[in-house]
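This is the structure I have questions about; it appears just below.
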Amino acid sequence: APPVVGQSPITMRMQTSWPASNIWQQMAQQYADRVEAMSGGRIQVDLLPAGAVVGAFQVIDAVSDGGLDASHSVSAYWYGKNRAASLFGTGPVFGQDARNLQSWFYAGDGKQLFDELVRDEMGLNVDGYFGMPMPAQPFGWFTSPFESMSDIEGSRYRTVGLATNLLQNMGLSVAQLPGGEIVPAMERGVLDAFEFNNPSSDRDFGAQDVASNYYLGSFHQANEMFEYLFNQDFMDSLDDDLRAILIHSVEAASTANYALALDQYSADLQWLQNEGGVTVHRTPQSVMDQQLVAWEDLISELEEEDIMRRILDSQRSWVERTAYYELMNAPDYQAAYNHFFPETLKL
Amino acid sequence: MIGFIRLADSLSSWFGKAFAWLIILMSVGVGLQVLLRYVFNSPTSWSLDVSYIMYGSIFMVAGAYTLSRNGHVRGDFLYRLWPIRVQATVDLILYLVFFFPAVLALIFAGWKYAARAWRYTETSVFSPAGVPVFQFKSVIVLAGILLFIQGLAQVLRCIICLRDGYWLQPEEDVLETEDQLLAEAAESRIKDRDQEQT
Amino acid sequence: MTDPVLAVTMLGIFILIVFLGFPIAFTLMAMGLGFGYYAYFDADLMWRTLGRLDETAGSLETFSAWLGGFFNNRIFDLFVNQSYTVMSNQILTAVPLFLFMGYMVERANIVDRLFNTLNIAAKRIPGSMGVAALLTCALFATASGIVGAVVTLMGLLALPAMLKARYDTSFASGIICAGGTLGILIPPSIMLIVYGAAASVSVVQLYAAAMFPGLLLAGLYIVYVMGRSILQPSIAPRPAEGEIPDISTPRLVWMLITSFLPLAFLILAVLGSILGGLATPTEAASMGALGGIVLAFVYRAMTWQRLREAVYLTARTTAMVCWLFIGSYIFSSVFSYLGGEKVISEFVQSMNLTPLTFLILAQLIIFLLGWPLEWSEIIIIFVPIFLPLLEIFEVDPIFFGVLVALNLQTSFLTPPMAMSAYYLKGIAPPDVRLVQIFKGCMPFLAMVFITMALVYIFPDLVFYLPEVFYGR
């Protein structure tokens, strides 16, 4: 319908799972800005941080009930309800990165399988989309350096989603906490080590105050994305153009988010190294190899459930074809970097 | 009326006391975690989950038990000074206007919340141990129902007080050390006075 | 009415209702739901089901859709969601465990032993009995996080002894009221856990931060008692010859060892493991709870009856504290949704306060709230209102927490709700009047203010230990 003069704007109440100061709140704000600009102000986004209405892990309930119109979170946060949640961003790595997985969501069977999971299997009243293919997540923060898995066996380590099962199987004692509680938990002695997501968020949490060894590179969460959930009734109540704006702003914000991430994450990594007193390491190859083996074991366990098997089958056949093309085609970027910035990388 | 009050009191205390014993399990369970970590270097993954489930169950279910013993905090510095029938009138009104709507909301919204958790057989999101929490979410409904029944008993207490001019006390129960000592002191004073009079 | 006006109204009505004496947890829940119903009111949502019915719908179906419409308000889901957040709060898990530990220890006949031994050991210093009473209280405070029991136990034990030794009644009562209240300040303190949960700050750091100020306050109490006794010997006469048994030094040492050591071991294990980062407060509390049981066995005070008492009281007191949280979570969520927090912070900002005047004003308000109210209500309901202001004035929430904890010592000693004074009045000989008790408490209030001033002037009293342990 054409906009009616004097029509009052629709307010969309959207809560994130992030503290107000986190860079991810800025990314959610980029989404909100796009929605407001493209709708000419017909939609106003009331963007709230974690805890404003419900806790970080409870946004999916609140959106389904209508307590929130929308949420900005990650699907790993509700994997206590259904472990298949984790396959949308923190699942096994068959050779795909997050951009590849996001492509599976939009061009492969991803959206259809997600709808089947949340609507048919779980009976939730939500419509979901994925944005911002994240860079692989670092293995994380440790109080002292290590060479192999046996050095850190038994440590209490924080991660989320299927990565909890993965690392538990690799001999860590895993706890899953919301981002804002990690550093207090390190202080309280509940944790020995943790990963959150990226140099900027980690710096913002004060990771450098509780641990000084930062390990980059890991297969535990190498293709995560933001999960946007909308209350289905709220979506249905909108005019077609506004609904399209909400959906396609996810795609638009994806580009803006990635640009912000690349700029900010890299700058904060430098800050951590130069001013934060942090030693940056590359995660030992042996640990990453063990991660792949651990994924293999976990996959066979997960596949006992029908919906998980179907999601994994779909991802595997998608990756087999698309990543073959990507990898066969990719030039050696590392060689180019080394050529122009010799002796910089510490791999 | 008195029969119902006694029934509600004992129902609330039975549930409250039964769940109270979880404190022993909780001490031992969390204590075991410390032992496993330092002695055997193999901490459990479920300790965090189990400790909040026990803590939450204890206090939620004990809500009605505490109400039956008048143990919830109240700003009663003025209230104490009022004539007993004024106390009962104010309490009666506030039970009807404040207490029951809140407790009913807890029961019905809690029901919806718990039912959904049962549908997914939801597990705790804090560890990979897969500790179930759907039963724990049902505790909200249980606590609401117990509070509702105990609330009815409290309303009847107000009515008795308005009619007969006295507060029907709950039956004897464990007392805080200070209350126990206060009661003993008061009793011995009465005895002293009686002796003086005879 | 605009939303912020509504928020202020909400707070105003709440304070009025508090004075009516209804259990506060339920008042908070009801007010949160009532105002929240308005705040989240959405006519579309309310009549959605009714609107979807077509002509074929029966009257029952229409009625139930109509009735259901009234409950189609987001506040209800929010309420349950917030309640679950309290139920799964990982800081508050330490509350029942520390309570249980305290209840076990207070049933282990430790107080009598400690007091008797210390009384003999201290007999040569001025105001010896008062000093022994305060030392007993301070030691006991490091094993227990609650108040009532110490005041009554000491009131039964030390007060008659002091009166018999011709101590001034006010002076003796003040010592016991003030000393007995230390338990809620010196770690492990339930009050600090509750503050930690209300303000989302680390309980471990709070414990480390409160250690020196708590001991400083206890020290000032002792200095005051000794000073008064020197200046005015008539209010605390030296024990007459033979009044206190003469005991050989080795035997005295043995008495000290047997009455101290088990308790000291428990305290060290609990506080040491928390401060040293070996265990979380919850884990340390569980060790303390098990230790409390062992201690009761050691002192041959363990009976089935006492264990049951401790278990049931733990459940009741935990329920009292945590239901307040259930109420305050939904209340403050709606309050801030309506913009109440913003109104308050804008109002305070418009007053152009300096950080110091802000601190003084905030502490003055908390002090005044402490006359009619108890600590739990003040921390769970009113402290969250101050918290957003701390950031504006750049006050560290841990520093603020320690000041609040010190300040709330006074809430036990100031009428009309002076719990320590009432406990003492209840068990004291009938000729001890309430006015005398209050009079005796006044100098100790002054010591609290002096300690607060010292903490402000020397913030290292607060920050030294957290810095050593956690490098903050």
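Chains: A, B and C, in written order; residue numbering restarts at 1 for each.
Note that in this section a residue touches a chain if its C-beta (ideal position, glycine included) is under 8 Å from a C-beta of that chain, and two chains touch if they have at least 3 such contacts.
Here's who's who by UniProt: B = TRAP transporter small permease protein; C = TRAP transporter large permease protein.
All values derive from a computational prediction rather than experimental measurement.
Comparing the CA-atom centres of all chains against that of subunit B, the greatest distance is found for A. The innermost chain, defined by the distance from its C-alpha mean to the mean of all protein C-alpha atoms, is C.
Averaging Cα coordinates per chain places subunit A and subunit B 41 Å apart. Separation between the centroids of subunit B and subunit C, computed from CA atoms only, is 20 Å.
Residues of subunit A found to touch two or more other chains are 61, 190. Under the contact definition stated at the top, the residues of subunit C that touch 2 or more other chains are 77, 81, 84, 90, 278-279.
Within subunit B, residues 48, 113, 126 each touch two or more of the remaining chains. Listing the residues of subunit C that touch subunit A in their complex gives 40, 44-45, 48, 74, 77-78, 81-82, 84-85, 90, 200-205, 277-281, 333, 336-337, 470-472.
The residues of subunit B lying in touch with subunit A in their complex are 37, 41-45, 48, 113, 116-117, 119-120, 122-128, 133. Residue ranges of subunit A in contact with subunit B, taken from their complex: 57, 61, 77-82, 122-123, 153-154, 156, 164-165, 168, 173-177, 190. Touching subunit B in their complex are the following residues of subunit C: 17-27, 29-31, 33-34, 71, 76-77, 79-81, 83-84, 86-90, 92-93, 95-97, 100, 103, 106-107, 148-149, 151-153, 155-156, 278-279, 282-283, 285-287, 289-290, 308-309, 311-324, 372-374, 376-377, 416-417, 423, 426-427, 430. Within the complex formed with subunit C, the subunit B residues making contact are 16-17, 19-21, 23-24, 26-31, 33-34, 38, 48, 51-52, 55-56, 58-60, 62-63, 65-67, 69, 71-80, 87, 90-91, 94, 97-99, 101-103, 105-106, 108-110, 112-113, 126, 136-137, 139-140, 173-179, 181-182, 185-186, 189.
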